[in-house]
Structures are given as C-alpha cells and as structure tokens.
Amino acid sequence: MIKKVLIANRGEIAVRVMRSCRELGIKTVAVFSEADRTSMHVRYADEAYYIGPSPSNESYLVIDKILQIAKKSKADAIHPGYGFLSENAEFSDRCNDEGIIFIGPSAFAINTMGDKITARKTMIKADIPVIPGTTEKIKNVKSAEKIITDIGLPVMIKASAGGGGKGMRLVRKISDVSSAIRAAKSEAKVSFGDDTVYIEKYIDSPHHIEFQILADSYGNVIHLFERECSVQRRHQKVIEETPSPLMNEKIRNEMGNHAVAAAKAVNYEGAGTIEFIVDDDLNYYFLEMNTRLQVEHPITERVVGIDLVKEQINIANGEKLKYKQNDLKQNGHSIECRIYAEDPDKDFMPNPGKIKHITEPFGLGVRIDGYVYEGYEIPMYYDPLISKLIVWAKTREEAIARLKRALYNYKITGVKTTIKFLEKILDCPDFVSGKYNTHFIEENRNFLISKKKSVGKFQDIAIITAFIDYITKIEKLQPEKESHKLCNNWRDFGRKKGVIRL
Amino acid sequence: MSFEVNLNDRTANVELLNRKGNKVKIVVDGKKYDVDIVMVENGVYSIIHNGISYNIELIENNSSKKYIVNTLYESFDVEIVDAESKYLKNRKKDDSGEKNTISSPMPGKVVKILVKIGDKVKAGETVIIVSAMKMESEYKVKKNRLIKNILVKEGDIIDGHQPLIIIE
Amino acid sequence: MIKKVLIANRGEIAVRVMRSCRELGIKTVAVFSEADRTSMHVRYADEAYYIGPSPSNESYLVIDKILQIAKKSKADAIHPGYGFLSENAEFSDRCNDEGIIFIGPSAFAINTMGDKITARKTMIKADIPVIPGTTEKIKNVKSAEKIITDIGLPVMIKASAGGGGKGMRLVRKISDVSSAIRAAKSEAKVSFGDDTVYIEKYIDSPHHIEFQILADSYGNVIHLFERECSVQRRHQKVIEETPSPLMNEKIRNEMGNHAVAAAKAVNYEGAGTIEFIVDDDLNYYFLEMNTRLQVEHPITERVVGIDLVKEQINIANGEKLKYKQNDLKQNGHSIECRIYAEDPDKDFMPNPGKIKHITEPFGLGVRIDGYVYEGYEIPMYYDPLISKLIVWAKTREEAIARLKRALYNYKITGVKTTIKFLEKILDCPDFVSGKYNTHFIEENRNFLISKKKSVGKFQDIAIITAFIDYITKIEKLQPEKESHKLCNNWRDFGRKKGVIRL
Amino acid sequence: MSFEVNLNDRTANVELLNRKGNKVKIVVDGKKYDVDIVMVENGVYSIIHNGISYNIELIENNSSKKYIVNTLYESFDVEIVDAESKYLKNRKKDDSGEKNTISSPMPGKVVKILVKIGDKVKAGETVIIVSAMKMESEYKVKKNRLIKNILVKEGDIIDGHQPLIIIE
C-alpha cells in the first residue's frame, strides 16, 4: 500500500495530485527548484526538499536527484504529473529498479507510444484507424500518385524531418502532385538538410477529440468518454469540453472501443489518453497516445464523477478497477478554460511577475485548479499556465453561461492573463453553436482580438477613482508628524492600524 | 482647485467640488458627477453612481501619480498631472522615436545574441533572443543601427526593462 | 419575462442568487443598509441602492423601502433569499399589489404553513403524518392518560406558551402522568404566566430530515429528495448531507410523495422544503414547511444537478417545470458545512470583525458559497454565517475525506470561526458511522470541544517564526533615513515597492 | 544575543546563531534548529525543518511584539520580551483579579442595563446584556461590587473592549 508519494512536478498539477493524496490519507513529498521555494506545492505538501537550480534540466528533469529525495524521504511512490518526466521511459524504469512505484505506465508502453512510427504500426496491427498515408520516403512521382489515389485527395506532402509548417505542401488535384513534391523537397532540403518527404491524408476540417482511458494491471481497460479539444492556439489547447458537440452515441461507442483496444495493444496500465483527429463526417484517426494525466482531465472527472488521480493511485497499488464500462455515463456538460500568464494584446507574450490581487469566482458548478496566490511571483522558467477554471452544468448552453459568469468575476492583477481572450471565445458565434474545428482561433482571429468600444462614462469613472485615490494619499501625508512610521509586513487595512511604534 | 488627469490619450479636466466621507461631488470635463466611492480592498474601489455599481481596480504604475485602472472590460493608463509630471513630460517629448537601448519588457533568459560590438545592423534585423516560460521572443532594431555596447551574455537571467544592448 | 431582479437580502445568499441571475442574463439590484456599503452583494450587483440604517428592522425588513427601490430601479421581480422578508405573507401580497413578481409562494401558502396549528390541521386533512399529540389544553389527568395511552409512551408534556425547554416534562410511565402535568403546569405558570399544557409524542432518537420540493403554477409538483440535517447546535443546523445515511429507497419514495402532497395541499408555487422528524425505525412526522430557499439547498443542487434559484425564477416567470419526478435521481453524496464567525472556545460567542486573511480550498468536488473578502469587516447586526463549504464525492466516505481535506486548507484569520469545530465533527465516530440524531452535538460535547495536545515542536516553530518576524521588522527599521515614507493603500509585497515618494 | 519569548504560559530562551537569506540557525531552550523560513504572503510564513513543510500565520496582537500564531491545529499567543515589555508585565501583576470595568470582548449593541449608579450587586449577578449577530451575552460581576459609573445607555452601539460600567 502506498503511504507516501513524492510528486515530481510543480504548479497546479502538483497541488491537484496532493489534494487527492490527502483525501486518501497518503503523505506527500514536494521537490522544488531554486525558483520555487515559495511555490504553492511546497506549502501544500507535508514534506519539501530542494532539488537544484531553477532551469528544469537542472532540477525537475534530473532523475538522480528525484530518486535520491524519494529514498531520503522514504516515499514509496512517485507521481510525475504531466510534462517534465511524466513520459520518460527511463524514469519509469529507474523507479522500478529502485523499488519505488512509478504512478504511470511501463517503459514499454511509454516507448511504444512515444515513437510516432512504432505507435502507428502498433495501432494498425490492432485495427485502429490511423491517418491514411505513408511514413516511408517517397521514391518517385509515379508511386506517389498511386498512393495518393488510394488514400484519396486532399493530401499533405510532409517533410520527415519537418516541423513548424516548413516543408509542407497541400495537394488538392492529382496534377499538382509533381510540383508539390518538388517544392516540399527543396524547402525541406534548405530548412532541415534532408529532403525526405512522405504523404498523409489531409483532414479539411479537423477536430481534436481524445478519449480518457483507465487500465489496471489485470488487463481491465475502460474508457471515460471523450474530450473535445479543438480550441487551440499554436497547438496549445485553450478550452476543452465534454461531451463533444460533434459526437453522437454510435461514434462515441466505436471510438471508445478503439481507445480501449489501443491501450490494450501496449499492455497499458494507469490513466492515459488516446488522441484522435476527426473530420466533419465523424471519420476518425488515431493521432497519438499521451501516457499520463492530461491538463484537461478535470472535465472528465466532473461529468463521469471519478477522481482520476485516486484511480491512478489505486491502479499503482495493484488494485483492480472499481468500475466496469457499463457503470459509467456522462452526466451533464463540463468546460475547462486555461488561464495563462500571457498578454493577448502582445501576441501572447509570456508575462511572468508578481500577482498583486486575485478575486476568484465561486458558487454552483465552479471548480478552480490553480496554484498562484497574492504576492506570489510567477517564475520565468516554467509553463505560463496559472489556473484552470472548470464549470459544469446540465446543458452545454448553461455551462457556457456559467463559465462566462465565472470569468466575469475572475480578476488577477499584477500580471497579464488570457481571461479576456477566453471571454471573447465564449462570445464567438462559432463556439456558441458548437461548430468549430482546430482552425477556430485562426479563423476567428479578428473577432477574438477586437476590443469593446470604450464608453466615455467608464473613462470618467476610471478618472474619478484614480483621482480620489491620489488626493486621499496626499491628504494622509499632510498630518504626518511622528518620525518612526514604517510599512510593516502585515495585511494592513486602513492606515491607522498599519503603523508600528517600536 | 482643478487638476489635469490623463487617460490614455485623453486629457481631462477634473475639479473636486465636495467630499464628505465616501460621498463625492466632482466635475470631469464639465460633467458633474455625484458618486459614492469607497475603497473596499486595498487598491479596489466600489463606486455607486446613479444606482449603478462599479468595481474599479487600481494598480500603481511606478509612481504614485500613475495608475493602471481596470474597469469591467477595459484597462486604462491614468496619470494625475502636476507640475513635476508636466516637466518630465515635456522633457520626454524631445527624444522621439526608438530609444537607444534594447530591452525586454519581461524577465527572461538570454538565449542568443546575434551581434557583436561595432556591428552595423539593418532595420528589422534581430539582435537578441530572450526566452521566458518556454517561449522565445526576438528583439529587432527599427532602423539601421550601430551596436555600441552589449551588456549581457548568452545564458544570463535578465529582469524586465533591463538594458541589454546599447545602439546608436 | 423577468429582466431585472431586486434581491431583498444580503450576505452569501444575495450573492448566490445574483450568480444565477447573471447566468440567465438577468440584471440584479442590490439594496444595502448603512453597515453594508462595502458588503459583497453591493459590489457584485449591477445596481445598488441604500435603504436605511444598519438594524434590519430599519432596512432589510422595511417593505415600503424595498418596494420603492424596486420601482425606482424598474425591477420586475424581487427575490427574498432566506430570512428577512422571505416568509412574510404581507410582503408577498404587497409585491403583487405593486405588479412586481415575488419570487416565492403566495401569501396564502405562507400563512397556512407559517401558523403551526393551521399547518398541522392542513397536513392531517391531506393524510400526511404529523407528530401524534394534541394542541388542545389538557383538562384533567384522566383525559390526559387516555390520550397518552392512544398516542403511546413516551410523551412530552409541553407548555403552550413554552420555549427554551421550560415547562416541559418527559413521561415514560403512565403512573408519572399526574406528577408530570402538575410540574409542567407550575413551571409554565411561573415562566410564562400561563399554565396551559398539551401532549406530544416524544421521539427518543429524532432525526431532522427534510425534502426539497419544486412546484409550478400549473399544479405540477416534484421533490428533489431529502437532506439530512440532524447535526444541530441550539436548533441551528451545522452540517447537512444528502442522501441521508438513515434513509432507504422505500421510505424515501413515501416521504417524497408526502412532501409533494403537502405542497399541493396549500397550492404551493416555487421552491419549498418540508421538514420531517424521523425516528430510528423510520417513522416520520411532518414538522413544518419552509416556504423559501433553505441555507442548505446547495447539497441538493449538487446531487440532483439542478440550479434551484434558476428554477425559482423560471416558475416565477410562469414557466412549467422542466423535469418530471422520474427524470430526477440522486447522484453521489454531498455534504455542506456552515462556517460561522463564532468562537467555539467561548461557547460560540459571535465574533464580528475584520477579515485579515483568507485561504480558500479549491479543486475537485469543492464548492464555496460565501461573501466575505480580505479587509471586509463583518458587521455585528446580522447573521454570523460567513461561508458554506459544500463537497461532493461518489460515496459518503469519500465526501467526508474531501470535506476534511478542504477544511484543512480553509484559513480565515481576523475573526474566530467554527472551522476547527467542524473538523472535530468529521472526526467523530458517530458522525463517521452515520449513526447520529439531533442529540449528536450534545452527546459528543466532550469529544467536540477537546483539543489536540500541543506538541513541543509546533511550539518551537511558532516561537521561531514570531521571533524571525520581529527581528526582521527591527532590522528594516534601522536604515530608515528618508522622512516621507508612508504606508500606502496598495497591496504591498516587499517593502521597497511599498514606499511612495511625493 | 539571547531573547525571551513567551508562548502562552511558557517562557522560552531564544538565541539566533546565524541568518543568511531564509536559512536560519537558531536555538530554542537549548535545542538547535536549522530552518528554511520565508514569508510567502504578508503575515504567512513557510518553514521547512528537517524536510517537514510548516505553514505559520502571524497576526499582530495590538503591539509589534505580540502575535497570535496559528499553526496547523493550534493557536498560540506569543510575545517577544524586551525591557519595555518586562516593565509593563511587572506593573500588570500588581492589580490582580477582576478589573474595575465591565466590557464586552466583541462589538455589539447594549440591550439592557440591569443596574443603576450606586447599586450594590452580588457576585454572579448580571449587570448588562449586549447583543451581536442575533445572540445576547450577559455580563456578570464575579464578586460583590458597587456600581460606580455607567458609561453607556440601552441601545448604544459599542466597540469591543470599550468600558461599559465602572465597578468598585
């Protein structure tokens, strides 16, 4: 039985994991870098140990240091959260070697799913649809044309070494194949020094839909339905919801079964996510598997009613799954939005800094998973995610209204955040109608960055407030006589009580 | 006594007629306001005007006379103008255009410096790359420039607004 | 259609009602007394109007003033919350007269249920079980003995004019009837100047279980299952949960049907609660009906998945109920605990004052309905309830663990609160087993007020912290040279930035 | 340099050996502590000692030397003792027993005054009733007393610790 867990992570996910540990009566051990001494996970944990300088490759990514603290603190298990070492097969193995339970899958599962080509082959073998195409090098235009005819147009010619949209050409007509290959190859050569290109079916209106799965060590696998994650900016998810507005019951069951089969194909253990790309006609293709907890797991927790971190721990403890597939159903609608310390007015430039003031929304159907507090200085070394706001309601329409209500009342000052950008998304007709794909933000760019017109009256009220504050400060300064007044460390409300006489 | 208050590009004339507790009579650009204004949290005001309830958040902006003012949907830069502010403002107007230092508005880490002292760089050329929170930002010159001095090296951790490179 | 609602209340319930209004796109109007200018409901509302001095009989209870503001602000409806005017039949009538929708039942329903004797008679007529006994004066010992034999022992002899436990005698043997009546009469005479006494069946192990109902203006009535409210201190509920650990499916259905019948008996419209007293054998008796929203309504919302305030507004709008009884089911377990500004160490003396610092618990399954904020001064004029913490989990056991986790992380300083007392209740074996009745707090008094033994190490850490803070203040004082330093109005983190130079 | 620190009834001897940033070496009653202590929020400290993470909240208690210290499950009164505190403490010891004023620890409203100036009241008798938040509290005398003065009247709103009745 696991009695003490080291959380090899920071930020909101570390705190979130610790909450479930506390509910299970399990002690928690935090590790922290130089920049994280005052971070919430250090304050929340039962124990906390320093592991190195601020850059994560000198602290949160150093396997040796983490294992050393696990042994020192007598932790019997390690939860990796997401990011950092969570999908590191070596770490999973090393934990095993040291007799410490890794709360996650085996190195084999991580490796198989981590390598795109191996994953693709494994999925094909398990009869799971993958995006039609080839990972082999294109030899000549003729064979390419044959492949493309088999796959069906449109297709994408992609550089094997590619990334960042370079060395890619969209082909909509068979007559364009030859020139597209030539262009892609030459761009690939220049950009990556390697002109290998391959073919993949192009999904015109792609939706990113993923399935949560849970698998125990006895071969039992269940899925906890889908999450719709198509609202993305630069491949970073911004808003997720479940159920997906695109989905129907038949396809849901089919995809769920395929997700379970995918997990079984790698003897998966623990919580994992199968990502699919889905077109408007609900054709779906395996994209990849995330062999860890996802950032957006809370919407599944809310709609299915299961604490995923507790299930991870139960599975790691060698327990059988408590639920059968038929025990589970989706109840109502849940939406998560991610609040980043980024400035939407300056092309989402990250905005580390000190939090001055926070007002959090509360009440019915609202969950907050965050980690910052007033006075906390968000370090520049890590992810700009500061909080996740999750709502639930009976219907999608009510959930959107609730999320708007909550965002309206969510105030964070000191750093710029994406709150207003999120409010814009919720006002956007394409989002409201549920008819959106991964191009949503790009296609609605103008709407999303537009600002409400400034109303003269609001301006006047702003002027009055600043002015009154200013003259209040001046007035308070006048009768200053005593010499030894100082700003103390206390939360002072009203000047008089804030003065210390020593 | 009347004051000038700047809000973004607007300059407003403000005159306080009367103040009694949290009841304030005040004129903004000739328009008379009768407001109930009270600081409820440090830096957060509740204002009631004609029955409408406003919540305004003030953040001091490097000076006791400058504020970032957050209303419901907007954020304004507000400055109370007095003699000292006016003087500084007039002086500022002299040095127009690009400043002679390159700096990042955010703290971060210097990833790459693409120039050496004495280099001549063309308008739009990137001179330094700074990373923060897993994202890299490139800083460019707006005009043809000469690199006079480089104050940091690759790998350095920098503060927001810290001078990085001096140009001419 | 209701477009603007005046909330004739304050505190957490006013804010809670406004949240649902905002989700429905309805504008909100707050009213506030002298003491409440800085109260959260004033800040949260779209509009806010002063209605009078701090004592509630000069502000929140003055019907004329509230109606005047409703007309001035052009509100088309008034939500009374709980307490104050929420069960005032005249107010319901007056709203009607002024053409303003009262979000609550008719004066007839309020009056019928408000008078205990009329309510009892109405319930008997509707075949709803009431506590056996008589509301008539006992004429002589002989007739009393006959009645008692009919009702069954034990019984309570009670003074009609009674209250506060005076003029009451418990009778367990028929031979004691005569002396008990004599004693009760003489005590009633001394205490109230009226020696009228009556007989009521005594429930040995009473449970307070209530049913939430919703009724539209077309005669449709549904119940939303029960709430267990037996954890009470001086008749004030402290912790509520649903489902009740005592309940079974058969009795739940029976009681639910009786609750629906009770509402129908008074042509009820809106949300209401039928309170029952239940013994260990699940015999149940109508106690009273609350013709308004209850403080503990959130646990029903969580388990049934319905926003009760929205339903109240829909009903007031003349809409039909959206749900049939069969659409509803209880999902999981929810517990609410009430956090009061009271000092458990000083016999729960109320503790108004300024909130210095709040840390709220977040995460999975946690809802907070509160209204205080850092720097807020809780006025002495109103209820000491400052916040409600509501949790949900799949099972009762998990819900208790979650509530403990949340309370552990809930910190309010500046005023004394009942948080530690609530933690004690959750540790109490009788509560954990679910075997408790309304005597729970009384019977577990010693356990609940006992303190954990102070550990020397905690003492030393406390000493070190205070000492370090003290010497830090001293050190900061030393290099003080500039004369014009002042504590400004800002949230200062770190001394340097807190200094203004003017 | 060593200090005396009082915690409830305990008096501890505290000696600071070394302090470097948030690393502190300190001796409490002969026991040596090596702690990492940092103020994370105003008035809230995070302390790590032997790997254990503590959260301690300090509230100043009417003086910069007195604190209410909240640990996980307990609340302590802590006072840093210096020359001035010692003097005040010694002086305090002189007037033992009941003070000569009746006051309420909480703000509230005077509901009823049951005595007149010059009344002689017996030990345990209620002299004044104060209400706050819908609850009434009765204030009694501990010994036989003479009512010297009454400083409030029924209906008055009072502060916490405000003298209400002077007794002898």
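We call the chains A, B, C and D, going by the order they appear; numbering starts again at 1 in every chain.
Everything that follows uses one rule, which is that contacts are C-beta pairs under 8 Å (C-beta built on N, C-alpha and C of every residue); 3 or more make two chains touch, one makes a residue touch a chain.
Model, not experiment: these values are computed from the prediction.
Undergrad: Looking only at C-beta pairs in contact, point me to the busier pair out of C-D and A-D.
TA: C-D
Undergrad: What's the distance between the Cα centroids of subunit B and subunit D, rounded to whole Å?
TA: Those two chain centres are 45 Å apart.
Undergrad: Rounded to the nearest whole Å, what is the centre-to-centre distance of subunit C and subunit D, using the mean of the C-alpha atoms as each centre?
TA: Distance between chain centres: 32 Å.
Undergrad: Express in whole angstrom the distance between the two chain centres, defined as the mean CA positions of subunit A and subunit D.
TA: Using C-alpha averages as centres, the distance is 48 Å.
Undergrad: Measuring centre to centre with CA averages, how many angstrom lie between subunit A and subunit C?
TA: Measuring from centre to centre gives 39 Å for this pair.
Undergrad: Could you tell me which residues belong to subunit B and also touch two or more other chains?
TA: 39, 41-43, 59, 64
Undergrad: I need the residues of subunit C touching at least two other chains; which ones are they?
TA: Only 44, 356-357, 373-375, 469, 472-473, 488-493, 500, 502 qualify.
Undergrad: Based on the touch definition given at the start, go ahead and assign the chain network to line, ring, star, complete or other.
TA: other
Undergrad: What are all the chain pairs that meet the touch criterion?
TA: Final set of chain pairs in contact is A-B, A-C, A-D, B-C, C-D.
Undergrad: What residues of subunit D sit close enough to touch subunit C in their complex?
TA: 3, 5, 7, 10, 12, 14, 16, 19, 24, 26, 28-29, 31, 33, 35, 37, 39, 41-45, 47, 49, 54, 56-59, 64-65, 67, 69-74, 76, 78, 80, 105-109, 132-135, 137, 157, 160
Undergrad: Going by the contact rule set out above, which residues of subunit A touch subunit B in the complex?
TA: Against subunit B, the touching part of subunit A is residues 341, 349-353, 356-357, 380-384, 411, 413-414, 420, 451-452, 454, 458-473, 492-493.
Undergrad: For the complex, which residues does subunit B have touching subunit C?
TA: Interface residues on the subunit B side: 22, 36, 38-43, 46, 48, 51-53, 55, 59-60, 64.
Undergrad: Quick one: in the complex, what on subunit A touches subunit C?
TA: 15-16, 19-20, 22-25, 44, 298, 301, 305-307, 331-332, 354, 356-357, 359-360, 362-370, 373-375, 393-394, 398, 401-402, 404-405, 408-409, 469, 472-474, 476-477, 480, 483-489, 491-493, 495, 498-500, 502
Undergrad: Of all residues in subunit C, which touch subunit B in the complex?
TA: 29-30, 37-38, 42-49, 72-73, 373-376, 488-491, 500-502
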